[in-house]
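Each of the next two complexes has chain A plus one other chain: chain B in the first, chain C in the second.
Right after this comes the complex of A and B.
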């Protein structure tokens, strides 16, 4: 357990460094944009004087380094600043949008793991048989369907044709757990399918690779129970690889969630960050980078811990 | 040798599989079985739910740009109420007068009105609102309040606005966000105002049920001053940015009404949804490089006029917006302030005349112009490029994704021709943006004596909404569009609204994008 604790502490340190680098790169990256938030905030009839006042109010006339240090000083104290577009505290905006995005992304990932890994293992166990071919074809199809198109198909079938689930919107858990679950079904399925297909393919390959190992044949010949061999060795070893893929897919899922949020009219982080980018709302954009970065960092940390638990040699090595 | 396939067969053949499948089926049934218990907006006559395209952040009126005004309308009354293009009716002000020099405006106020926090609406309240606007350093409406010199309370029901210079758009402004009255008590804490609006409108925000950035429910204000107002009990605004999602929300009866666009409206109409149209956007080809600084040909008025004559406005409107709009070179329809018969007759689709003007100017072989457009206007820009190719003008279009970057390309004179959509509603605003020396859409800063003279005449008018004004603004538009051909309006596009059967909005009112909830009935 000591190496696990050491691993977590070490990773936390490097994660903070990664977040800082990402935030810094984003901030200075925005320097390449000619910042003119007035086009969004003041409209076409704004006078040059009011444009100038706005720039002063937002501190845009200060050197970039000063602006950056001001932002950083606030951020380390938990103050992410005020949105240029809405004049609201960025932290409040993020907190109001994060639950929807986390619900979708975590729900989709859980579904993708359940379906993808489950079917991948099933295909591997029926290698080269009809079941395997059917599931593998399913993976190829699932991988090819764009999630926005799938989302529209799902809405058409389950919301418009059969009226089983809501077509759009997100209901907070605290308001109604049942409605919360209902509002998540279609977005989660749309987002999970391509990821499930990827996880399925990798799971199948990983299990097939393990099943071909000498230790499996040896274990069977010694009379060890099949379940013991599967759970005790094959799946455990195969999952070490799959966990790494899950962490990578989390990143893809965060990007895809922006599209899914739009298709299902869910006001999550995706829409917030996208509109911040389009309206040059730099404080909100920066917060988006931190939040997405933090999700990726936490996912990687969990993946590292899981891998180290599944295969202690990896933990010891790191 | 032991085969691994024999090993695999029994995995999962266990009662556990049945238990798992049963549990999954039960979970799915409980989720799906709850269908119909959602917010169930459509179908309930006392609730009107509308889908709105733009996000929203603050109930402080002065923090809002024009396109989010729809969120403010349920809770705030305006001093003056706009009906149609240039008809104005009493709102919180029952009357308004100007002095002959148009430097003071006297507003007579409605009595017996209270804000939803119980504060009385009176001249002091108007003064507090105006002075707050004047104190704003930067915001979407500072240019309006910058012309206010001081505000004087004559008595409880009369307030006098002293202007630094005539403001021809003042009536139009007071019928919009600058004229929305907030309780003076609430103005003491503008941070709280962002989330807790206090107005005198027919509804109050049901703060407990707000989902920030997503859903805003308004419940009837029992103390509303107009007992004859027939409004729904609950008005709900839902943010749905994506058109397809909005269409699906309408089809699934999650909303009663959505703002749409021409091509989607054509489809929804086929599916049987009633379609209406409300607020409008003017699409304009703005010849920014009027002196030919970057593209010398554009300095020649004959070339600029040829551009206007080469635009087949009806065909462009059909192709890009499914015909939802009004092809017009005049912006303002006949009978309204700003209409010019000379422009209407002089700037029509006439390819032969356009070609001969190009020949006359020595540009028979045409020329190329590199322009930037907002990606949202890429379709219309491509269609305009097709029209201009007929007279040899080749537009090389680079779309940019956001308003800020586009504004930068405009300000840096990178687009000798601008193709823009504008929600500006009065001829004075059109002049300020396109014709004024510091106008946002006049980056080269070029004006003409005729334009300036017409603008000065308009400013000298005592009543910016009267008959004299109609002629004055007509002259101003003639100078801009025909004589100097600085701008070539293409068409005015209505915002189509699609709705459920039984929803009956009064269209063409003061609302920007959606019909005014005060004049929309259901059932």
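Right after this comes the complex of A and C.
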């Protein structure tokens, strides 16, 4: 337990550094663009005085470094600034959008793990037999279907044609838990399938790699049966690799989630970042980078802890 | 034992050929799709694909419009065909940008000092932990929209992946001896990069490019679906899909053409990139070790077993390429320590493992008999094999730490089989584990039970594995080089432990070794194996004192007498012929200092006198007093 705590604290520092670097790079990477939030906030007919006032309020006329430091000072205290496109507090915007994104991402990841890892292990158990070939082919095909096309197909079939599920939109959990669940089904399936295929491929090879290890031969030599060895020994070892793969897939899944949110017209973080990119709303864009980065960083942290718990040798090494 | 191999694995060469074909076909079809797209741009006027016609809205597929028209009355086939090359060009542009930025950046980071490396890699890694699409969004914010701008953004985010690989490879190559010496002899950095680093970089970059192309097509379609890349009304696969989604209620089929083209491109890229990484991976055929553990435990039938606990009789073991163990006979009396000695590749491990039903996948006993305590193993049901392993045969492997399960504590290694196979309660099993650890000379059994394999020294780990082998109270123990992986000081102690246990527990021990020192120290009888055959056998004092076969003589000459020192047997010139090679006569003839014409004329018989046997014509004739006088002239 002590080493787990040490592990978490050690990683926390570098995780925060990652987020800071990414946000900083976003700030200076977009430094040379023309900052004209007045076109959104005041409209084309705004008087020069009111533009001047707005720039002063947002501090846009200060040198870049001063602007950056001001942002940093605010960020440390949990204030991510004001949106240039809507003059709302960025934090409020993020908090209003985050639940939808987290619901989809967590739901899809759970589904992807269930389906992908389950089928991957099944395929490995039946290595080079018909079941394996069937599942592996399924993985290759699933891996090749763009998630938004799948989303469109799902909407067309289940929502528009059969009217089984809502086509678009997200219902907050607090409003109606059942509608919340129903609104998540199609997006989660669309998002989970490609990820499940990738997870499945890698889980299969993780298990196959374990099956060739010396300890498996030793287990066989003690007289233990195939199933016992599989469930009692091999899977736990393979799980360490699988956890690492899941963490890696989180990165891909977040990209995909932005698209799926759009396909299903869900007001999540993806839409926020997309419109911030289009309107050059830098404070919101930076917040988006931080939020998505934070999801990745937290996933990695959880994965590290899980791995260290599963495999004490890895825990000792870190 | 039969059928243990399952279906024969495809030969590696055949698999490689198929993989190459997969790559070629995948790449050819991709090029074909691209060419079709190119031809379309030159034959179909872009007006016909962009001009709206409200009278022809959403026409179903038919004569005039093979795929129908969209909600603006535009021909869907023309739009789909024109979209192909647009997407290809956007992706190729992005990848080109990525290579041009990423590779030099990576080499630069790799060539720079360690401090520079750490700082820049921190930044690169920070970017790589942000989802690609978010990075592209930031790029869009600063560069603006449109095909070229988004391609630049995508190219930038991919360039980081290239940079990372190029940097790693550069660091690796930089420290290669030949590059170091080139640097010392004053070769300039630029030439170093051009001559040594770039060529080695090519391979990993090609593998990665296949993966990146796939991601590129996905991203390109996504971005134009968002309306960020190709601007309407110009067609691209993503634009087509967005239009199709808008019209999905009235004309659901419109979703298919662009989607299927996209799936085809990505599927082909996947097949190609899978093929490339398969080809470059150095994985052999998978080891299907678990196949030997099929079946249910069965009660062992009563049989009369006699005085011999293990009998291997005229056994021939075959793999794909041929026989690796040829007509080998070995037996163990109860309580006896028998050594099976030979160089690696002599077939000694294969022979011994056949007695535990642990032949590697693909190897099969094709002739002869194996009996453990009177039970026939050849053709036995898998369940009987398991029962024998759990109760009659224990195995000790060469490398104890890798034979242990890294996620199990010592305790579970000792208790789990007892609980599962022998129905002990956990407390009983634990108590037994403590006793066993005490018996193998571990000072603090309770403490040891709580340890993980990586926390043990090799010697302690091997003691634990000996204890684990004893858990089933076997009457035969097979030890495969049990001390070769250990420190030389520990070797004797572990060997003496085994001998002591044999004295108290009366099991017979089959000791596989390449060391005559171990044979002299531990064994009662010895079999010498060479290239799949037994070449000499007998009591240790006899064989070591009066070796008959020239191979045994060479082995003994290579080892300092009466010393417990492991040493590779290198006293002979040449190497062991592969056991699978068919040879007409004596298999040792190629290396034998006494070889004569008769030796290679036909199979040399294994002849026994007074319990000491060998397979050498010269030895047999010399020992035969009458024949010696008459036929000496033929002999060396």
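One rule holds in what follows: the second predicted complex is superposed on the first by the 288 of 318 C-alpha atoms of A that agree within 3 Å, B and C clash if a C-alpha of one lies under 4 Å from a C-alpha of the other, contacts with A are read in each partner's own complex, and residues count from 1 in each chain.
Assume contacts are C-beta pairs under 8 Å (C-beta built on N, C-alpha and C of every residue); 3 or more make two chains touch, one makes a residue touch a chain.
In this text, all values refer to a predicted model and were calculated from it rather than measured experimentally.
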| item | value |
| --- | --- |
| Chain B versus chain C as contact partner of A:297, first or second or both or neither | second |
| Which of chain B and chain C A:60 touches, first, second, both or neither | neither |
| Chain B versus chain C as contact partner of A:49, first or second or both or neither | first |
| Contacts of A:276 with chain B and chain C, given as first, second, both or neither | second |
| First (chain B), second (chain C), both or neither touched by A:230 | both |
| First (chain B), second (chain C), both or neither touched by A:211 | both |
| Touched partner set for A:140, first chain B, second chain C, both or neither | second |
| Partner chain(s) touched by A:96 [first = chain B, second = chain C, both, neither] | first |
| First (chain B), second (chain C), both or neither touched by A:25 | second |
| Those residues of chain A which chain B touches in one complex and chain C touches in the other | 33, 127, 152, 155-156, 160, 211-212, 216-217, 220-221, 226, 229-230, 262-263, 277-278, 280 |
| Residues of chain A that touch chain C when the two form their complex | 17-19, 21-22, 25-26, 29-30, 32-33, 127-128, 140-141, 143-146, 148-149, 152-153, 155-156, 160-161, 208, 211-226, 228-230, 232-233, 236-237, 240, 251-252, 254-255, 258-259, 262-263, 273-274, 276-278, 280, 282, 285, 288-289, 292-293, 296-297, 300, 310-313, 316 |
| Residue ranges of chain C touching chain A (in the complex, touch as defined) | 7, 9, 122-123, 125-127, 129-134, 137-138, 140-142, 145, 218, 221-222, 225-226, 228, 241, 244-245, 248-249, 252, 255, 259, 262-263, 266-267, 270-271, 274, 286-297, 356, 358, 386-391, 394-395, 397, 399, 402-408, 416-417, 420-421, 452-455, 465, 468, 471-472 |
| In the complex, chain B residues that touch chain A | 1-2, 4-5, 7-12, 30-32, 34-39, 51, 55, 57-58, 60, 63, 65-66, 137-140, 142-143, 146, 194, 211-215, 238-242, 244-246, 248-249, 251-252, 254, 401-408, 411-412, 422, 424, 429, 432-433, 438-441 |
| Chain A residues within the chain B interface of the complex | 33-51, 53-54, 56-57, 83, 85-88, 92-93, 96-97, 122, 124-127, 129, 152, 155-156, 159-160, 163-172, 178-179, 181-182, 185, 211-212, 216-217, 220-221, 226-227, 229-230, 262-267, 271-272, 275, 277-280 |
